[in-house]
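Per-chain residue numbering starts at 1, and chain names A, B and C are given in the order in which the chains are listed.
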Amino acid sequence: MSIVMAGVSLLTYGLVFVTPGDPAYTILHERRGSPPSDAEVAAFRAEHGLDEPFVSQYLSWLSGVLRGDLGTSYFRSESVSTLLLQYLPNTLELAVAAMIVSLALAVPVGVVSAVHRDTWIDRTSQIAALLGVSMPNFWLGYLLILVVSLQLGLTPTSGSGTLSHLVLPAITLGTGLAAIVTRLVRTSMLEVLEAEYVDTARSKGVRERLVVYKHALRNALIPVVTIVGLQFGFVLSGAVVVEVVFQRPGLGTLLVDAVFARDYPVVQGVVLVTAVAFVITNQLVDLAYVALDPRIERGERA
Amino acid sequence: MRLDVSDLHVRFRTRSGAVHAVNGASFAVDSGEIVGLVGESGCGKSVTARSIVRLEDPGEITGGSIEFGGTDLTGADDRTLRRLRGRELAMVFQDPETTLNPTYTVGEQIAEALRVRRDPDDQPFLRELFAGVRSRVGSKRTRKRVLELLGEVGIPRPEDRIDDYPHQFSGGMRQRVMLAIALARRPSLLIADEPTTALDTTTQAAILERLATLNDEYGMGLLLISHDLGVVSQLCDRIVVMYDGVVVESGPTRELLSSPAHPYTKALLGCLPGRSEPGETLPTVGGSPPDGSPPPAGCVFVDRCPFARKDCREDSQPTLNLEDGRTVRCDVSDAREADLETMRVATAADPIDGPGPDLNPGDRGRTAAVAVDGGVETDSPTDSTADPSGSAVDNPILELEGVTKSFRTTDALVDRLLGTAERLTAVDDVSLELRAGETLGLVGESGCGKSTLARVIAGLESPTAGTVRLDGEPVDDVDSRRDDQLADVGVVFQNPGTSLNPKRTVGESLAEPLLEAGWGERRRDERVEELLSLVELSPEYAGRYPRQLSGGQLQRVAIARALAVEPAVLVLDEPTAALDVSVQATVLNLLERLQRQLDLAYLFVSHDLEVVRHVADRVATMYLGRLLEVGPASQVLSEPAHPYTAALLEAIPDSEATAGGAGLAGEPPSPTDPPSGCAFHPRCPMADDDCATVEPTWETVGDASSRCHYADERADEHDEN
Amino acid sequence: MSERHADEHTWRSPDAVLEWLRERTRSQFAWSLRTNPGVRFGGTLVCLLAVVAVFGPLLSPYDPTAQALEARLEAPSLAHPLGTDALGRDVATRIVHGARVSLALAVAATAVRVVIGTTIGLVAGYLGGLVDAALMRLVDIQLAFPGLVLALVIAGVLGPSLRNVMIALSVVGWASYARVVRGNVLEVKDRPFVEAARLYGTPRRRIARRHLLPNVINPVVVLATMNLGTIVLTAAGLSFLGLGAQPPTPEWGTMIAGGREYLRSAPWLVTAPGIAIMATVIGFNVLGDGLRDVLDPDHLEERERRRS
């Protein structure tokens, strides 16, 4: 865990130093559109601590991070932490909404699909899932805007704040995830339905509905939980694009703007937050695992 | 209630065509009766069992009827099935690892059966889901009943175990839980599909004993499905023999075993090692086993039957009723009346999955010579067992001196650095010798360390303490052995399916050891052909992939590879445990011949005492990593000088069941925390206070030695008898 | 073929059955590869796309980048089957050229991922111990970053360009290969045939190459096929954000980004490249699913066999 976090922070900070040439020069050049003078470069370096060796830069950044200080944006007056706090809630709101949309759709569809294997229900949902994973989400976003906002006029095309602002982005972002989870639930369910203990339950005279929902589903969800945890990264990635499509202020739009402006402290801040969020989610997943699968708990005790 | 299966047909649709699993099976089980359904793998016995409880899916019943208490189950609706499964018809499956739901406590899984029995038609969805979430049996009445059931099937301290999950139980205990689930329904018929196959012989003996008692107490009928004639004959009133989806013979146990009528039954009984003299060539069944293709119009056994007549293939065979309640599906009176000895002669020259039809004329001569060789051997069965005294003057090829192997039980870095990891001693202070031409049988329950010892000898593990000597020179693991030392030891593993690289042809696999030993291409090709003929396979097998070979053929290739660079010692780790008895017979015959031909020394690791009795000159018994008894097979396996060996022998299932003395109590203790004194004392019937504190030393009894304080007394007992 | 077998059944001498069985198993792989519907449909789609990418540009009468302002935003017609964009360029031609860009990028990035991931997985799984622990931490670190975010930052820092997107997509995403390969190696390396190889003195390197790699490579092939689709999607996403291909390069994501201002007046500008992306990804996904059934049939066939 701690090794991973150390690696994450090093990679996050080190990323921006892969810039070809001198970052200060590049930044100033791009900002002004003409080559900066040596004095300007030196001043910029001194202001942002870029004249120190990499290791000491990293260490001072890291000690700042540990105190909750992520530095200050090169271009805006706010500190990076302020910016993150300002934009994070919007993104979280979108991510959670998308997760809810997709899970609410995917788990029942996946189960029904597996139980009625090779029927038209199964085929339809399989094809829908295939379309879902194959569709670029930014494209789906525009299609939804075109139909729902422009043609039908049901929702606003962009912005954030109200529930109606959230509907389309959540659907856009949730579709891909829903498709992945549907396929996963189906596969996992099919596997579990073949298990001997399912036959044991049937041979006891247990009703088929209970065989499916009591004996099979719980076991089938064990691998699903892990993957859903891993898919949180997918949601965060997707959020970047979806926020741009719907022009929602959030970590995604913040990151894209910062990348273009070479506002490195902001880039580092956003990347660090997403990585930490991802690692935390996986810890939560491990907890959910213990709740679902009694075998895990024992493994830790032994 | 009576179960009546008649003319049952079951078929599976697979991508590569239909598999005909059951092709017209008929038999009946009367209420309270114990019937055994036997046959080799693929004969359709399990599918038949599953069809009775209507769990044949993904197979489909395409014909026949299954009547149970007057209801035809093939046409029963869900409600009827639920009632029957919930109250009358229970099933126990083979593999206790996978038959219990890992996410619910065993108590809940038994309680569920009780609730279903109370009212099969009313199973409230939410109540059941909630019961699952709680996973602790709530109702006092139900809990009490579950505890009773757990006690009844022989689980010690039920109050402590009721809220445990399946993974916290051993295989044998899990199978008992399955039994409790079955008994919760107070069924009138229990179907047990290979209930003890995945268990140790000692555990098996206890479970079988329990089944017999339950049949007695509950008056419950029992249909026992097994590949093991010993198991079936110990328990059953009647036996039904299946071959290629058809019942070929049935009848009362004693009559059927003493005078089998169908040629297949005769063949099956004949190839059991326990029925032949040690070292004698085992009779085998010619031809290839059924493969699920549609059966011929006539007799299903026709292709492998030495008595087959022309019309057997076309004419449907009638089911004849013989005296004393036996039925047989064979119309050829010569075949029905032939005794086992005639069978033996008729089949002796016909190895089961050897080259047979594939041989070109040149090779046929060679195999014929082999067959004659085998025939000669039959005349003097005691030859090879009398021999070892002669070779004893040679120096041992392999010597073990105080060999110990222990493992860390955890891989955690912290424990490794601090040295706090618990250590498991798999092999503890073992000393043994092995000479050319000799077979040493190594026996014991699973987990006793016999496989680890085999791996240490092979060089796959290096010993923690002690020395392994090859030809008098100490050796470590394979990475430090010289080429000639590597060549000295060949190994054959248990599961032929995984012994060969699935991506390489048989020829490539056989050539590899030669390549590593630096042989040129031409010599390699010649040697590969030589090796194939040595194990009675035709040269064209060189071009095939492992998936195109049967289990017996794969094991032959594995043996050929082990012999590639002419080893002096062959380590055989349960080489026939994964094979059917008829295939086992051919592999054992092959090993016997190779040993004689090449003067090999065998270390034969096995849990099957009948097989070891057949092949071994000397036997060593292992328990918790220690040797408990070593000596000549003829003495150790008839007059054991250690109570553990005696218990293993007693646990062998056969028709002369020992009443009351149901093998060993309990299960082996954890090897991380072995008992003080004699390791066996907690389970030993004759242990006293001394045994718990003083570790016994080797005592000499006749030609054997035993690590028991009372070895001499046991020997005296034998003398009196 | 099946008729001949049926004949042999009724005859059913042991040799005939044996031969029939052998025939059946020998050709099974090729047979299932040809008859698997996923492989057929997905394979056809992918081949079609490859043909379009290679030969399409040669056939199109238009230049994908030349502007023709007199013909801007024309609706689909015979001359322009998919209409024209804001600068009067033929959308169909640009999509055909875009196929080249997308497929080339996906294949290159996947190849790099496969090589890095497989090597790391093989080494970690086979050597075990500290090497394994170290390499797997590296994998964990890589996996802690959401793929697109990391690629986005790398591409952005290196400067927006197609080449940089390819670099970015190559250095992320190998971790899943490493995991899959390591898992399979751990399972295969204790199989008796590997131990047998140790027994007759095969050097480790040769064991890894000859016995481990061929037995762990199938899931990699499946994963890579699926991954080609994912990379097409991600690359389009990056280009959409402006970090990938720069105008006027014909790239599907860039085309969607350029068309979004005309969503209401010229919807084909967004729809057409979107469908192109989708068709490509569907092709790879279906092919991957089909290959999984053929190459990695453990759960499917095994279960059938166990039951019968």
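By definition in this document, a residue touches a chain if its C-beta (ideal position, glycine included) is under 8 Å from a C-beta of that chain, and two chains touch if they have at least 3 such contacts.
The structure displayed is predicted, hence computed values, not measured ones.
Chain-level centrality, scored on Cα centres against the all-protein Cα centre, points to B. The chain pair A-B and the chain pair A-C differ in C-beta contact count, and the higher one is A-C.
Subunit B and subunit C have Cα centroids separated by 45 Å. Per-chain CA centroids place subunit A at a distance of 52 Å from subunit B.
Mean C-alpha position of subunit A lies 22 Å from that of subunit C.
Remark: subunit C residues 2, 5, 9-10, 12-15, 17-18, 20-22, 24-26, 28, 32, 133, 191-193, 195-202, 210-211, 214-215, 301, 304-305, 307-308 touch subunit B in the complex.
In the complex of the two chains, the subunit A residues touching subunit B come out as 195-197, 199-210, 213-215, 218-219, 292-295, 298.
Residues 12, 14-17, 19, 21, 47, 58-59, 287-288, 291-294, 296, 303-304, 356-358, 413, 458-460, 478, 481, 483, 486-487, 489-491, 493-495, 498-504, 509, 512-513, 516-517, 544-545, 547-548, 558, 561-562, 564-565 of subunit B are the ones touching subunit C in the complex.
Those residues of subunit C that touch subunit A in the complex are listed here as 137-138, 140-141, 143-150, 152-154, 156-159, 229, 233, 236-237, 240-243, 253, 256, 260, 263-264, 267, 270-271, 273-274, 277-278, 281-282, 285-286, 299, 303. By the touch rule above, subunit A contacts subunit C in their complex via residues 3-4, 7-8, 11, 15-16, 18-20, 130-131, 133-139, 142-143, 145-146, 150, 191, 194, 230, 233-234, 236-238, 240-241, 244, 255-256, 259-260, 262, 267, 270-271, 274-275, 278-279.
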